[in-house]
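My questions all concern the structure below.
Naming follows writing order (A, B and C), and every chain is counted from residue 1.
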Amino acid sequence: MRQFALSIVLMLSASWASAFEAENVAWFGPKDSERVLRIISTADIAFFEPMIASFLNATPGVAIDYTVASSTELQKAIIEERQSFDLVVSSAMDLQTKLANDGWARRYTSDATSALPSWAVWNDMLFAFTQEPAAIVVSKTGLGDLPIPQTRNDLINLLRQHPDVFRGRTGTYDVRQSGLGYLFATQDTRASEIYWRLTEVMGGLDVQLFCCSSDMIDAVKSGELLIAYNVLGSYAINRPDHQDYAIILPSDFTTVMLRTALITSTAQSPELSGRFIDHLLAKSHGPNAAPLTSSELDLGRVEPSLNRIKIGPGLLVFLDQLKKTTFLSEWESAIFQN
Amino acid sequence: MRFLLIEDNAQLAEAVIDRLMLDGHVVDHAPDIQTAKDFTATTSYDLILLDIMLPDGDGRTFLAQHRQQQESTPVIVLTARSEVADRVGLLDLGADDYMVKPIDFSELEARCRAVMRRRGGAAQNLLSLGNLHFDSHSGTLKLPDQDVQLRPRELRLFEVFANAPGQVFSKSMLVDRLFSYDEDVTENAIEVYIGRLRRHLESSSVKITTIRGLGYKLDIT
Amino acid sequence: MRRATANGSLRRRLLLSLLASSAVLAIVVYFVVQSVARQVAQDSQDNVLTASALSILDSARLSSGEITIDLPYSALSMLDSISDERVFYAIRLEDTFLSGYADLPQAVRSGGAGPAYVSTVFLGEEVRVATVGRRVSTDTGQRYLHVSVAQTLSGQKQALARISRTSMGIGAGFFLVSVLLAGIISRSTIRPLDRLTASMSRRGPRDLRPVAAPVPSEMVPLVTSLNSFMRRLHQSLRRSEDFIAEAAHRVRTPLAVVRTKAEVAERKSTDPETRKALTEMIRAIDDSSRTAGQLLDHAMVTFRLDHLTREEIALHRLVEESVERTRPTSELKDITLDIADLDTATVKGDPILVQNALLNLLDNAVKYAPAGADIKVALNAGPQDAVIRVTDTGPGFLPSELSALPKRFTRGANTQSIVGSGLGLTIAKEVIEAHGGTLKIANTTGGGACVSLLFPLS
């Protein structure tokens, strides 16, 4: 009887285990390979494929099982369902930090990791391999004669001076839905009070809220929006149609998100994972780097105003439920003024 | 020979004089330096025997003065102390030799002869007997046909005869002159040396003749 | 000479005690430094945790009866500022969990207010937890709000490793300096003793002057008794030397009288029995007088050796003189004494002693060689040394005697009948050795004895 009860529990947990929602799944390398590296990632296959290809090229006989999921689904897969992934690659720095902080990552050191700048590694667990700025995307045609804003102050002044032009035609993340939007927003508030002024101004102009950067870019391109704030710059520049809009890295400060990778504590092939991390870091740092993000997005130009999000327990603060509740209620009262 | 004995111990002086007179020497005795000076001022001696410790001074003082006065008489110092201790300065002060008491008179005689030979010079040391010349300094007999080097005892024996040609010496007399007390010898031992000398002298005009029952003498033919 | 039995070494004992105490001190220093530093490191970690927890506690607000907490960014980021640390926190209203990590243990203070700390393991790693609390007023009355903040220990471990290395370094450095000092101290402490030893060793064998140089007070009794011992020794030595000299002198004059009278009596007597008895008497007198003479010589030689003069000695002249001096006695025994070889050689030393040594050798040769033997004296000078050889055509030494002979009072077994004390070789040996040379006795290929005095030429 007791055994029966136990098996019921196991069955329930098993059916629950496959409950996380994968957006896409892909297999690279030999179909029947014994050595398989299982990666769960928030990055699109197209975005990450060059990295996988160069790794498989350098490491023959290895296969990679690549699963794409949203950052929340990813958390669910690792924490709640204990899926046996080797590597977690995510742009949600706060959630990655929490995974590592809560013991889901294993420490890894190598020549490559010790060569990293201190901002690119945390606790030998999290390794940053991209730097992706939050940009202002502006419709070149839609703005007409109006000046293209280079700072948030420029943007606030522009919006205030031409409320009729911009009403209903600005867009930004719905931070309640988007983890990345929330991350950008909270980091903006840390950097400057100007975020709240901008948010209030945009709220007063019936700002449109989006789930994702690509939707915002589409809206700018279609002319629905004139200006989108806190768009992921790497997405904007990686699109083939990026000539149709202006991508502005605000010169007062540019918040930079770091895409990070970690080896799970339950990794089946930690050695292979380590080699993948080394490969990833070699491709993304140092003089011979070939980063995944387009080099046209020149971060060096705005280096003094770069505001790299610091990996570390500070990020846990904004995941705190009480803190998040407080923040979101403030944000809502700024956005929804009517 | 004429000796001057400078010795403060009367007993010893008496005995030494007795002993030297046995060999036919003439001895004057001075018990102190002053008396000794008186003797040397008036008499000429062949040899002075000088004790070091004297009632009126050190024998060395006498020695130094004696040499300063260009006196040529040889001096043999008699000492009762250590050779090492007393030797200091003795020879430098002009002593010809020194002896440690008690005196072995054979040795004294030998030392006297040595001193005489050293002081005598070549002429005095050369003696001619018939067709033979004798160099007592080098101990050589120069014969017409050859030179003969005498051994010490042969030399001594020949000296005894040569100094008194024609005089008869008994065997015991010769033993006393030739051997010291630490040798056990019989009178017949003399015959060995007489025999050796006779062989050396065969080609010369000098002969050693046996006088039956009395001894030997040297003859020049 | 018999060496003193060594029982341990003062310097080593001193050095070892100094080293042992330094080692103990070094270990104590190591542990004290480490424990103090560990405490400091622990305190500073606790302080940071407390500051973090207090800043969270301060951000608690009561609005419309609900507690809101605006977690300050710095509250958690400050814990990560020096080294990467995993950070955990928990906010509880009494037993109700509000936010953070629900399972995080709470540190409990055993009494009184203020922060509490506990070290524990959380999510697989060692952590330090600090808990602070304060009263808040809620709808349901006064409640107690607790904030716990925890952090992993990697930074502290690094710090402790560094501290451990540093304190190890301090301990080792302390020890090294102590070793150096111990060496210097023990050396300088023992130095007066070394100096005393050196000054005593430098002395001649009979230099019995008191030690005059000042010594440390601890050594004064030793040096005082040493001086007193040496004074007594000196006096006793002096007395015996004087005694021997005086005794020989006192004995010799009567002996001379007796010997002379016996000789006169012997000459005058015609009775063979009387003559034989007198001859034996004379021999006995000669024997004892020779013994007395050599004893006195030996005493004087040893005395002079203590104050060895260093004059230039023309060895060739000395050899000539000595041979001349011995010739009369050799002739008495029908022994030919010749100088076979005479190089020119000059050495430094006491000429009287060297001549005495040579005279003793010649005297021995004359005494122990049979009548009619030949004695040859040679002086050969080489680049390194000058050698005086006295060889005779006598019976030579017995093999067993060759080593024993130069010792005092040893006399050749085949020379029982010959007057002499055997001191002659001893005297010669002492003299030549005091001059840095050696005495060698051997037999010639023809069977005769050969005694050599070898002087180094420096």
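Methods note: a residue touches a chain if its C-beta (ideal position, glycine included) is under 8 Å from a C-beta of that chain, and two chains touch if they have at least 3 such contacts.
A quick note: this is a predicted structure, and the numbers were derived from the prediction, not measured.
**Q** Report back the single chain whose CA centre is most distant from the CA centre of subunit C.
**A** Greatest centre separation from subunit C goes to chain A.
**Q** Mind having a look at which chain is the central one, using mean CA positions?
**A** Here the chain at the core of the arrangement is C.
**Q** Taking each chain's centre as the mean position of its Cα atoms, how many Å separate subunit B from subunit C?
**A** Measuring from centre to centre gives 63 Å for this pair.
**Q** Using Cα averages as centroids, what's the distance between subunit A and subunit B in whole Å?
**A** Their C-alpha centroids are separated by 140 Å.
**Q** So what's the Cα centroid distance for subunit A and subunit C, whole Å?
**A** The mean C-alpha positions of subunit A and subunit C differ by 80 Å.
**Q** Where does subunit C touch two or more other chains at once, residue-wise?
**A** In subunit C, no residue touches at least two other chains, as defined above.
**Q** Within their complex, state which residues of subunit C touch subunit B.
**A** 245, 248-249, 252-253, 255-261, 263-264, 267-268, 279, 282-283, 285-286, 289, 293, 296-297, 299-301, 304, 324-325, 327-336, 352-353, 355-356, 359, 371-372, 418-419
**Q** Please name which positions on subunit C make contact with subunit A in the complex.
**A** Touch residues, subunit C against subunit A: 68-77, 79-80, 84-89, 91, 98-101, 123-125, 154.
**Q** What does subunit A use to touch subunit C in their complex?
**A** Going through subunit A, the ones touching subunit C are 100-103, 121-124, 190, 310, 312-314, 316-318, 320-323, 325-326.
**Q** Per the contact definition, I'd like the list of subunit B residues that touch subunit C in the complex.
**A** Contact set of subunit B toward subunit C: 9, 11-12, 15-16, 18-19, 22, 80-85, 87-88, 97, 100-107, 110-111, 113-114, 118, 151-153, 155-156, 176, 179-183.
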